[in-house]
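Following this message is one structure expressed as structure tokens.
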Amino acid sequence: MAAIDLLYFAWVRESIGIGHERATPPAEIADVAGLIDWLAARGGGYAEALGDKTRLRAAVDQLFVPLDASIAGAREIALFPPVTGG
Amino acid sequence: MAAIDLLYFAWVRESIGIGHERATPPAEIADVAGLIDWLAARGGGYAEALGDKTRLRAAVDQLFVPLDASIAGAREIALFPPVTGG
Amino acid sequence: MIRIRVTDAAIDVAAELGALERAGGGAVASFTGLVRDDNGVEELFLEHYPVATEKALSDLAAEAIQRWSLAAATVIHRVGAMTPGERIVFVGTAAAHRAAALEACAFLIDRLKTDAPFWKRETRGQDARWVGERDSDRDAADRWKR
Amino acid sequence: MIRIRVTDAAIDVAAELGALERAGGGAVASFTGLVRDDNGVEELFLEHYPVATEKALSDLAAEAIQRWSLAAATVIHRVGAMTPGERIVFVGTAAAHRAAALEACAFLIDRLKTDAPFWKRETRGQDARWVGERDSDRDAADRWKR
């Protein structure tokens, strides 16, 4: 799998400590939920931010998706809490 | 019956030719419809403006009323077409 | 805060919105009606029934404030002669929640159309005619009856 | 006419309304959301997902224009740090009829709340916390689903 741009927002960004990184998940990771588990396994701020998937939303290539969405071919994946604008 | 201030608006005013007058209707006139008929009987612009009651609306002492509303004790009666503001 | 005005001067929307924003509440909605040049209208003349107009607008604003717990309601209506593009009417509301502000704003303009004694006359060239009542306005006002 | 802006500068409501009025249509509706000082909030910080935000707002505006035959739709959202009383969001619509302008305005602000990637953080003294999702916002957005 090619490297993916990972973006984090709001308290996900604050817990992880960065807003952007590039990563290459192992080939067996198929969906957003799998990516979240793989990142959470790094521990520390990642585990804190990504341990509870019910609190998370995601976008693949800037399109909002459910967490069982495929990440095949994705160039940019964003992880964040439910939005609260307006 | 005491003298009543009569007010006319929009094309009712234009047909009659004045916007305001004082008049003392005969005692047997009980409601707005009766007042309209009495005024229309003057002919000319009055007949033209007031001949078709379905096109008219009224207010007694600045309160919108149906045409069968009593005019007993009224100080000011306005006759006009349906409103078209906003 | 209720602000009602019937005026032959141009309506200053920015000033009215500023007052609504300062009323507190956090949510401000507005509606502005402009003279349209439909079918070549050159002038729109607005006649009204003085005092009765202000009372009708005040009553509507008071009803809106009570029904939607508004922080403020403003209704400004222009009278006299206007040309296309000018503002005829401004309705604004301030509330703690957006739904209250938006619904109350729709209520005020819908009910103003049927409850306030204003009359429009359109002039096209030599032809001046009074605008007729619209069924759709009666229907829109009726939906707010409880 | 679609006008979308995500900005860290103050929102100029008068300028935005002027542009909507000039778009034609005759009926202009607007909604402005302000920072409230609820429970002693001193600062509100708005974070967003650049590019994705603009795309979400453009998509909503395009949907509103198509669904209500609008002459224009404007969505301006502030980002960065704000204090109580400042404008967070402005939504405006222009249409030929008032119901279209008002409904489209309600649609835009309701759907913006759930569809556009913005996040609010409130600061009270030393305490900064991210605002949580509201069920009422989801319900308000859902009512526009067809």
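Letters are used for the chains, namely A, B, C and D, taken in the order the chains are written, and counting of residues starts over at 1 for each.
What we mean here is this: contacts are C-beta pairs under 8 Å (C-beta built on N, C-alpha and C of every residue); 3 or more make two chains touch, one makes a residue touch a chain.
Computed from a predicted structure; not experimentally measured.
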Contact-graph distance - origin chain B, target chain D: 2
Given chain A and chain D, the chains that contact each of them: none
Rounded Å distance between chain A and chain B, as computed from the means of their C-alpha atoms: 74
Geometric centre distance via CA averages, chain C-chain B, whole Å: 26
Distance from the mean Cα position of chain D to that of chain C, given in whole angstrom: 23
Centre distance in Å when chain A and chain C are each reduced to the mean of their C-alpha atoms: 49
Contacts with 2+ other chains: residues of chain B: 86
Multi-chain contact sites of chain C, meaning residues that touch two or more partners: 33, 98, 109
Chains grouped in pairs wherever the two touch, ordered by label: A-D, B-C, C-D
Chain C - residues contacting chain D, complex: 13-14, 17, 21-22, 25-36, 85, 87, 96, 98-99, 101-102, 105-106, 109-110, 140
Footprint of chain C on chain B - complex, ascending: 7, 9-11, 13, 59, 62, 64, 78, 80-86
Chain D to chain A touching residues, read off their complex: 33, 46-49, 51-52, 55, 77, 88-89, 109, 112-121, 130-134, 137
